[in-house]
Each structure stands twice: as structure tokens, then as C-alpha cells.
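In what comes next, subunit A is part of two complexes: it sits with subunit B in the first one and with subunit C in the second one.
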Partner chain A sequence: MKQLTGRTCTGTAAFAISALALSACGGSEETTETDAALEEGGTITVWAWEPTLEQVAEAFEAENEGVTVDLVNVGTGDEHYTNLQNAMRAGSGLPDVAQVEYFAIPQYILGESLMDLSEFGADEYAEDTFTDGPWGSVTFGGEGIYGIPMDSGPIALFYNEDVFDEHGVEVPETWEEYEEAARQFREADDDVYITSDQGDAGQVTTMVWQAGGTPFSTEGTDVTVNLTEDEGTAQWAEYWQPFIDDELIMPVAGWTDEWYQALGDGSIASLTIGAWMPANLESAVPDGEGSWRVAPLPQWEAGDSQTAEQGGSSLAIPEGAENAELAYEFMEFAGVGDGVQERLDAGAFPATLEDLQSDDFINREYEYFGGQQINQVLSESAQNVAEGWEYLPFQGYAHSVFNDTVGQAYEGQATLEEGLSDWEDDLEAYGRDQGFDIAE
Partner chain B sequence: MSGGLITLRSTRRPKTPPSVLRPAKSRLLTVLIGLMVVYSVVPLIWLVINATKSQQSLLSSFGLWFADDFSLVDNVVETLTYDDGIFLRWLSNTMLYVIAGAGGATILAVLGGYALAKFDFVGKPAVFAVVIGAVAVPGTALAVPTFLMFSEMGLTNTPWAVIIPTLISPFGLYLMWIFCADSIPRDLMEAARIDGANELRLFLQVCLPLLKPGIVTVALFNMVATWNNYFLPLIMLRNENLYPLTLGLTAWNRQASTIGGEAIFHLVITGALLTIIPLIVVFLLLQRYWQSGLSLGSTKE
Partner chain C sequence: MTVVSPAVAADPAVRRRRRAGAAGSSTGWAFLAPFMIVFLLVFIAPIIYAIYLSLFRDQLIGGSVFVGLDNYLVAAQDGNFWAGLTRVSLFLAVQVPIMLFLSLLAALALDSGRLYGSSFFRLSIFLPYAVPAVVATLMWGFMYGTRFGLVGNINDSLGVNLPDPLSPDLILASIANIVTWEFVGYNMIIFYAALRVISPSLYEAAAIDGASQLRVIAHIKLPAIRGAMVVAAIFSIIGSFQLFNEPSILQTLAPNAITSSFTPNLYAYSLSFSGGQYNYAAAVAIIMGVITMIIAYAVQLRGIRKDGQS
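On to the complex of A and B.
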């Protein structure tokens, strides 16, 4: 279940929206090398679990005769990375294309195990093709391009309108109002909570990100872990502690059957979650049809509009892949070419500016959400992602030990502050063992 | 209670002393066993009950009782047909790994155990040390080195990558060794040799029947271990079509937490139920051998 908790990227958001600049990349400047590979044909192996890639692979094969895309699901999240790591270490059996979540990219870049896509001409997408969040994470520090973004996950407030109405609770616009709403729910009905949380590293990093925190930073091999003094982190911890102390949140872990159950029967009234959530709600919470709506993420200061990213993946080429040129063509097709539409139709949320702003996308009405044009909210959120966020070059490890440290706070055995401090100690020790220079 | 003729200490007649046939009753033990039964049976009951629910009622009904609808048949059909019937593919993969891997491991263990127990040869203490050492090393610790080795040989992502490591069962070998040593009297072997039996015939016709309980025990051990094996296939296999059931069901379960993935908890549960049925059947069929196997080894001289 952890793959969703991995959250995106080194966002440097707030781009000027200029859909027009997009036309610049068409046509003449295509690198010939990869085109030739396309004509020659061949087989590429793609390791990914993303379900919409099936349609993309079919479309790509249909368009290019002689090309076969061998789409293999080697596991989801951790399992996928274990397999990838093993193949990289063994130096054989590597896929030509691998799905890599934004949070996992830094570790592969530092391990020099992903190809720099600049050599295939990926520079052409450097400006105004993708939103800054996802693009920031595939470029990580700006030296090289290590992946083609597939989707993005700007967060918003998903809420069950029926439950809010039933208890006369206003949809919160600030975090202060959100806490108030949480208390109103608890007073109104013993079974209803504003949300659930049992300690989720991805959720926490996203919230800290929105608060403007930058607890992690990397420069070369210098890594800073600053969970105790970072202002954004402290702000979040202080805010969230009463939610645990006063039992304002349902103690249920995300992505379990209990969680889906609570989403369906109205005992979880809202979620602050990534823009990819609609597809999951539609398929797993059919009972919620017509009840759910999407609102902008609550803000720390009334009138602000700062958001963050949650989840999302890119496609990358492992160093040593056999068929890199063809692989690049496929990634281009899936990330910026005709494949994007295939994925959107299947419910994915784009990372490309053009699609985020297309009328078709913005004005699409969702029956599940009572006919609401939810993409207006979500697209807006994509453009307001807070700047400066970075993931650790060992973020996967960080997530895996989250429950042993910060997670204790959710059991009432420590405060969030203490938990964060433990997390920091653990990460610093691990980073040192891995040979990073850890700043004190 | 009549008077105490037998004992001077007590006025009450003492209870018959506990014996093997009439063990003493212990309330504490009964309670503990009762708890163990609950602990092991409740999940099974849960599994059976929930396999009868549709995805929707699974999420909206009490876990330990039936929902209004009864969808067991639908669920089974859907499990067997979902994603072009890949469940059946996984089932046959698992069977292949069990038959070839666990079956082969059992044969090797019997041959090896017999040789070690009944023949003297140079280096036997070394073999002993290696086997005992191998029992102590958990399979998980060897998985990654094994992966790298198989990768060199180009065998990863093939059924061989699961079957070959499964063939090696130090624990099974050790068990067979002990069992052979205890259950085949040397006199019997001598007698057979004097009667003119060659070594092959001696093994096949005289010794093997005596080893039956031990073989069944080792075979069951290996079968269960292979049937449930998760980590080895996880790192060796990347092709969904080669997955055993354990990996396949995990993949299904993970779908629910994938962006855009379809939640199919009801199929995971039904699939899990279907997965344990063959094991239960095998246990029931081989139970008597298994029981006599456990006791046989322990009562020989």
C-alpha cells in the first residue's frame, strides 16, 4: 500500500501559464537517432504497475509497426524497486523503461543508475511542457533529465457533501476552520470523523510541503535532515497534535478495506489527497457516487492558495538498458505524445500543462462528483504547488521507518515532536551508513 | 468419599495417578489450547464467511457474519476468470513449483539422508557440519546472493529460478537422516544383503517402505513451504505469467492502493480461500502417515 504514500518531487511551482509556448516543440527539431530506432522496430520491456499504460502500449504498437512493448508488472511500489535494484546490481535482465515514482528518483540519480535523457533531446521539454512539480523532480537539481513525467498529484480537499450537509458543517477554507469542522463532526456524531490518519509518511511530507517546510535537502553527497528545526514541519506538528490528543481523526490506515468502507458509509467526511483520487473513488467506493465533491486545499492564511504534490510517477531508462532509443520514443509517447490522451481517458491526472489547461479537461463534468467540474479545482492546485521541496536520496527508507518513529505519536506513546526528532536521528544515522555527509 | 486406606497422609482417596493413557487434566492448559484454537480458527472462519460477499457488501457488512447477498459462486467464477483467468495460471505455476521443487527436494532428501545414515564415507563429519549450518541460515539471507548467481547464469525470470533453490532442503535432509538412522535396523539390512539383495534392491524394496512415514513428513514440510513461498519467487520472477499464487494474490491486493487501480478485495479473499483448499486436502489425505511418522521416529530404540 505504500506506493501511494510516496509523494512527489522537488517542486518549484508557480509557473506562468503559457499554453501557447507549447507549439514550439513540434516538428523539425526531433532528434533523428530515436526516430531511426522507431523505424527499425524491435521489442522494449517496460516495468510498470500503472494500469493505464496498457492502453498506451497498445496504441504505441498500433502506430509503429514492428515495435513490441512488453509491459510487465514486477510488483507495486517496494517490490518493484527491489526488482529494479536487483537487476541493476546484477547488471542483467534490466528493463528498457521503468516506472519510478517522483520520491524515488533522487536515489537512482545519485546511484547513477538512470540515463540522462538530455542526450535523446529531452531538453525540449524543459520549459512549459510539464508543471514545475513533476519536472523539478525528474531533473533534481537541474543537472540532467532523468525521467519523463507521467502524471501529477496536486492535492485538494475531497469531501462528502452529504455528510457535511447532514451535520451542518461548513467546508473549511483554512486549517483553523478545518479543525473547527473536525470538532463539530465529533460532537454531532460518534461515528463520523473529518478524516482518518494512522501515521502516513507520504501524507505528512505533503502537509509539511504545503506549510512551506523543506526538512530535506541534498547537494551532491551532502544531505540535510532537519525535522526538528524546520519551521514548516514544526507548524504542521503543532497543528496536528490536538487532532491525535482529542481523537479528532479516525484511527484507520489508508488503502485498507476498512478505509474504503469508511469512505463509502460516510464515517470519513473528507480527504486531503492527490488529484489522481477520483479514479480510485469511482472504482472502490461506488456507494459514494453523487456525494463527493472537490474543494481547494485549506490554507494556513485565509486568501492564500498554496498547495503541494502527492504521489505521481515518471518513466525512466535504467543505465545499461539495451534498447534505449526505442525506450525513449515510448516514454515520449506516453508522457507528452498521443499516449497522454489514452491515459487521461482512463482516469489519470496529467503532468502536462497543455492538457491541464485544455477546455476539454477543465470543463469535464464528473457524474461521480454530482456533475462538478472537479478539474478546475485540481488544475488550479497543480499551479500553486509550494516551491523548494526536495525528497531525500533515501526517501523509500525514510518512509519505511516512519511508523517506528513518528508513528508512535499516533499510538499516544510520544508527541509528534518527539517522533519527528526520532525520525531525524534514524535518518541521519542511516544516511551516514550509506556514505552521505550528513549536516549537523 | 470413603476412608483413606491407601495413603496415610490424606483422608481423601487420591485420584488415579496420571498416566500416558489418562493424562492429568490441567485447566490452564485447556484454556491455553482453547485460545490457540480460537487464534487459529477465527481467521479461517473469517476467510470462509467473507469469501461469500461481493466487493460492495464486503465493505459494508460485519466481518464475522454473512451479508445479505451470497456471492460465493459469483466470486469463484470471477476469481477464475478475472484478467483472462490468470488465477488458474498462477495455480498451475504453484503446482509446478510444488511438484518439481518440493517433490525433487523430498527425493534428494531421502537419498541423501539414507546415504548419510547407513553408509560410512570420508568427510561425513564435514557434511554434517554443512547441513547443520545450512539449517541455521534463513532462506531470506541467501535470496539476494542466489539472485545474483542465477542472474549470472541467465536463469532469473524462468521457472528454474524457483525450482532449483527449492530442491535444496537442509532441514528435510537432516530429518530424513535421523529418520533413516532410527527406523531401519542394521540387522535387517544385513539380513537382506546375506539373502543376496543388491544395494539398489535393498534400498527400494526393504528400506523405502520403512521410510514411508518419514518421506510423507518431509514431503509435507517441503510442500507447505513451497506452496507458501513468497520471497524467493518475488525476487526471481518478473513475469506475471510465472507467478505462484502467493505473488499473484499480493499483486491483486496491491491494486487497491495503486493510482487508478481497481480494488478487488473480494477476489483476493476468494482467491486466498481457493489457495488453501489444496493444502487442506493434502493434509487430510496424508494425515495418518504424518501422525504415525511423528510417533514412529520417536519410539524406535
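On to the complex of A and C.
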């Protein structure tokens, strides 16, 4: 495992586990299965849309003679999973490595479609290598290790300082202040909103997560969906309903052309969004250059610092991949090895603790953000992610029907509470249909 | 097309060829083989596979089991499916007549020979059809925007407050508008082509009899293009039932107005690709196929019968 840098070995992980890792740290000549694969060389196919992997693939090839990485973008998000699912069903044409977002991991684990990486020695990263959120996602309740975390999305408050200053609105530190700020904007200017929202499942799950909610839980094939009685969920629904009723939020869906324009012209004053947002802002909202800043996420109680994750991906090996050993070497390189630096240089937000805490990363100044060292806020957020959150083993489906149910509340057809209740019914019916035991 | 097949069957040349085949020559089959292989592979096989798929249920827990016609029974009671079907039926009942009427007007205007620069009009009305549906929908999506789109601009400059075309109440009409824009030109070309083949002697006879233009239209032109109208209507009916591109693309702009079961096609797509319910999606697709065939066939029968009477 020569590509591992020294730091992995100084962590407690090295002492906690197998002789395999110890030998690697000692730099002995002993080679493991995966090392042998690396020596031998070969070709691996990687399905991913994450742009910074291009540099990683090049660096990996440069470092290891005889290895070819065939990086293929088979689509982003849903399209990618469709292709992956089809290849898994067909049992042929599988990639050796696939990008899998954290929320999508459980359904592949249940389908027994991902390899347990423990057999390659991935348990050496069990402690103090990755932040808790991503590691918790890839280990799925500790039953195995099904992916190497690639990045993470701790959320923070991204805000347009010029707009806040112009209207004399204070940057909110609590959700109470946030609502106040929202009302101030509406009174000050008919075109300015504190944020936009048309019902986004990823956003809602993140907010519920921060509020300490755990509406979803899975144990084996027992699944609980509790959107009506979960406290965190109720807290969010009760808090957000007035934002819809009093039209405090711009009714524009995220990631649309209108949304980007509104971000650029200052009519959306802030976003509560994942740490991967800076790269998006820089590329898609050039007008916002110099205006945007990052602040900690507003809290339910003043003085708290609880946050949550939004998005983020891991790299995983599909069951039946032809060149799994070499694939694992690549994933290690990209997730904890030298590849991480390549990705950081290209603007990714890491999941590795060491990088999150490195001076170089934390003190980097971003011109787009007026020279602010935004990673200080974002790293802080990464370490304060609320514990105990779980996604459903069919979260992808859950997201796809969110707007059919909860989304209707944004059109005034129901309240958020009713919408959540409909969502729960829908998810329970689907879960039963898929053979899960649904707790009442 | 099936609509012309009776005429083909009546063609004496075809009958002759059939007799030659019956004489025992296998050469015909050899010539037919390339077509038959492709036909079976890309047309028949997928249908059979879809029917096969629809008889199973694949679960995340428990794998695939044979369930017979269970998926069809579920679909029969699936409110989402029937709501989607009702929606496209409403779309069909309102949008198709409007579109065909506009196409007919355009075709008659071009055919009248009184239009200055008719080839320019013909081309520009047809042009939207050449724009891929995806691009057209994206373009209209931008225009429908109440904030930064055309609707927003009109609101700002005229100080009015137009209703949001992407709101749940108006979304179907907005989609109908896009589809009409896309397909008026296409149908116009079908009608226009049919009008061009009418024998000039009929017009001369009408002129000698002193018939007005309206009478010429009512008694010569319209009856002569009835076949083309039936074809256009059948295509439009099939198109309506298959409504997918437009709602699927507008969904990102109006995620709450366009639900995952907005049209039956969109529903089948969501079922298989978001929910992994390939089997149920196959059943939904087959039910839709059968319903579309029945309605298209009914229209064709009705069209032909009237044709015979005239």
C-alpha cells in the first residue's frame, strides 16, 4: 500500500486493526492482494460524474505504470443510477468502480450489489480517517464497509453580504432570527427573498437532520417511516409553514435558470446548502463574485452548533466487478491517498479529517467570497454534524415522490404536516411492496 | 400505415405477388428475411419481453416472483394511473381539435394561392416541427418564467400580473400550447400535400357552376382530404397518450405542478427508473398501449366508414 501517506499510519486506526495495515506502515516488502494487482497493472472502468476525478485518474496512471483508468460519465444522479441498476440487473457491463451518493448506498447494500471492502482491509479507516457523517453512511450501521467516502456536504449559511447590508439585515444566528430576517427582506424590497424553495427533498431531510429528527430507520428488513410523529420533523414543518403561508420564500425551484439568475441579481439573499456549493457559485453565478460569504448554519437554540450533511458521494465496487483489487487501490488513492490533494486543488470538499484540519485547506482564501477563509466555517460544520441520522433503504424513490406529496403544500393544496403524512403513507406502501417489514 | 392497407390489399399487383409466393418459391422469404429479422428483434421481441416482465414482481427484499396478472389488477385500481389517463384524455379532447383546426386553416390558406409569399409561410409554420421537442420545451420553459422569462418581462413592462403558466391550474394548458406550436406545421404539411393532389378539373367545374370559395372548400377540398385528416387525428391521439417529453422537462421548473404520475408515460418512467418497479411499469405500459390501439382503431374505423359514404 505504498501510495498511502504516513499520516494514515500515525492514526489510531493503524493500531486498532490487522497486521496487514501494520506491515504497510512498516514499509515492509510484504504485499497484499491489492498491491499485487497494482503491480500487475490492468484497466479499470470508473463510472462517475464528479469532475475532479479526471485529475485523480491521470495522477493514478502516472504513478502506476501499466494501469489504465477508463473514466466514464454515464450521467449525473438519476441517470447514473439507472445505468448502474441496469448493469447490475443484467450482471454484465459493470464498472469496476462506481460513484454512489451517500443516500443511495443502503438500497444497493440491501440488493447485495456492492462489495464489502473489509476484505481489502478498508477497516483500517474505521476511526479518525473520515468525518462521522460520510463514514456512517458507507458502513450502514457497522455491518460492513461498502464505499470509500470521496467528499462531504456539511451545510452552512451562504449569504449575499451586499444584499444584507443594503437592507440593514443582520446575518441570523438562530432560526428565530432567520425568520425575522426573512420578514425584513419582504418589507424592504418586493423583489428580495431570504431564500427560494419549491419543495426539495434533499433540503428538507437536511433541515430535519439538523433539528435532531430521525424519521427513517432501518434494521435488517424492518423499516420505520415516522414523518408524522418524529419531533425533529414536526419542528421543521411547524417552523417552515409560515414561510409558505406568508410568502417569505421565492417560489422558484432550485437548479433552474431562474434560480441562478436570482442568485446573481441579489433577489435570493441566502442559501442553506452543502459545502460543495462554492464551486457551483463560482462557475454558474459569476455576477455574485465578491458579494457572497459563508456563515455557520442558524441554530434552534442560541449557542448551539449542530449541523447536518447534504449530498456527498463515495466510491464503491459493484458486486461482480472484474478487477476489484485494482479498483480498491484506485478508490484508496482517490479517497485517502495522494488523489485527495488533486481533488482539493480542483475545488472539492473532502471527507478526510486530516485534510479538513490542514492549515493549507483551512486558511485558503477565496476571491469569490471576498477573500474569506470559508473552509474555516465549513470544516467546523463538518465536525458538528448531528448523530443518528439514517436514510431509507429506498431514499432515491422517496425523493422522487416528495413533490407529489409534500410539494403540494407549496402550492397551497395542503399543509406541510398533511404533505408529510401523505409522504409517509406513500413510502410505507412502497416499502411493503418491496418486501420490507414496515413498523406501524 | 395501417390506414392505407385496405387499399394496398386491393391492389391487383399485390394479389399477383401473393399468388407467386403461394407457388412454393422460398426466394421471397429469403428476400424478406433481413426485414423479418430486424422486425422481430426490434419490434416483436420487446413487446413480448414487456409482457413477460409484467407477469413478475421484483422486490428489494425477496427477489423476483411470478405474480400472474396481479400487476394488471393493481393498475386497474391505481388512482395515479387513472388520474394520468384522465389528464391526457382531457388534453386530447381539447388540444387535438384546436391544433388540427389551425393546421387545416393554414393548409387551406396556402392552397388558396392568394397568399403572398406562401413558401415563406409554409416554411416558417413548419419550422417549429424541426426543433427537437426537448429544445422547444426548454425554450418555452424560459418564456413561461414569471420572474426572468417572457411572462415576467411582460408583467414588468406593462405593469400587469399575468397568471403563472407553470402553476398547477395552468400547466396542462401551457403544455398544450407547446405541443400545438410544435405540431401545427407538421399537420399542415400533411393536409397541404393532400390538397395539392386534388384534380384541377374539379375546381374548373366548380368555377363553371359558379361555386363560391367556401363551397369549394366544403364540397371539394374537405371531402378530398378526409383520409389525411384521419391519419393526422390518429397520429395526434397516439401523441397525446404518449405525452412525455414536455412534462418531463418542465418538471424541473414546476416540480409540484407536474407530479411523477402526471401522464401515464411519465408514470411508467418514474415507476421503473425512480422506484425500480420494472414489472409494474411494464404492465402500465402495456395497458396504455392497448388503450391507445383501441381508440386509434375506433377513429380509423369511423374515418373509413364516412369515407365510404361520401
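Basically, the second predicted complex is superposed on the first by the 409 of 440 C-alpha atoms of A that agree within 3 Å, B and C clash if a C-alpha of one lies under 4 Å from a C-alpha of the other, contacts with A are read in each partner's own complex, and residues count from 1 in each chain.
Here, a residue touches a chain if its C-beta (ideal position, glycine included) is under 8 Å from a C-beta of that chain, and two chains touch if they have at least 3 such contacts.
All values derive from a computational prediction rather than experimental measurement.
K.L.:
Based on the shared subunit A superposition, would you classify subunit B and subunit C as clashing or fitting together?
P.N.:
clash
K.L.:
If you stack the two complexes on chain A, which partner ends up touching A:433: first (subunit B), second (subunit C), both, or neither?
P.N.:
In the superposition, A:433 touches subunit C alone.
K.L.:
Contact-wise, after the overlay, does A:221 reach subunit B, subunit C, both or neither (first, second, both, neither)?
P.N.:
Touch partner of A:221: subunit C, not subunit B.
K.L.:
Going by the touch definition up top, name the partner, subunit B or subunit C, that contacts more of subunit A.
P.N.:
B
K.L.:
Just to be sure I read the superposition right, which of the two partners does A:414 touch: subunit B = first, subunit C = second, or both, or neither?
P.N.:
Neither partner.
K.L.:
Which partner does A:396 contact after superposing on A: first (subunit B), second (subunit C), both, neither?
P.N.:
second
K.L.:
Using the touch definition from the top, say if A:126 reaches subunit B (first), subunit C (second), both or neither.
P.N.:
neither
K.L.:
Is A:348 touching anything from subunit B or subunit C once the two structures are fitted on A? First, second, both or neither.
P.N.:
The first partner, subunit B, only.
K.L.:
Have a look at where A:82 lands relative to subunit B and subunit C in the superposition and call it first, second, both or neither.
P.N.:
both
K.L.:
With the two structures laid over each other on chain A, which partner does A:255 touch: subunit B (first), subunit C (second), both, or neither?
P.N.:
both
K.L.:
For A:311 in the superposed arrangement: first (subunit B), second (subunit C), both or neither?
P.N.:
The first partner, subunit B, only.
K.L.:
Of the stretches 76-84, 94-102 or 184-192, which one of subunit B hits subunit C?
P.N.:
The listed stretch with clashing C-alpha atoms is 184-192.
K.L.:
Following superposition on chain A, which residues of subunit A contact subunit B and also contact subunit C?
P.N.:
In the superposed arrangement, which is not itself an observed complex, subunit A uses residues 82, 255, 257, 261 for both subunit B and subunit C.
K.L.:
Using the touch definition from the top, list the residues of subunit A that touch subunit C in their complex.
P.N.:
Those in contact with subunit C are residues 78, 82, 85, 107, 110-111, 198-199, 221, 250, 252-253, 255-258, 261-262, 267, 393-394, 396-397, 399-401, 403-404, 407-408, 410-411, 413, 430, 433-436.
K.L.:
Going by the contact rule set out above, which residues of subunit C touch subunit A in the complex?
P.N.:
59-62, 142, 145, 147-149, 167-168, 252-257, 259-261, 270, 273-277
K.L.:
For subunit A, which residues are in contact with subunit B within the complex?
P.N.:
Residues 1-4, 47, 49-52, 72-77, 79, 82-83, 86-87, 89-93, 151, 153, 254-255, 257, 260-261, 264-265, 274, 276, 279-280, 283-284, 286-287, 311-313, 346-348 of subunit A touch subunit B in their complex.
K.L.:
State the interface residues of subunit B toward subunit A in the complex, per the touch definition above.
P.N.:
56, 58-60, 144, 147-148, 151-152, 154, 156-157, 234-235, 238-240, 247, 250-251, 254-263, 265
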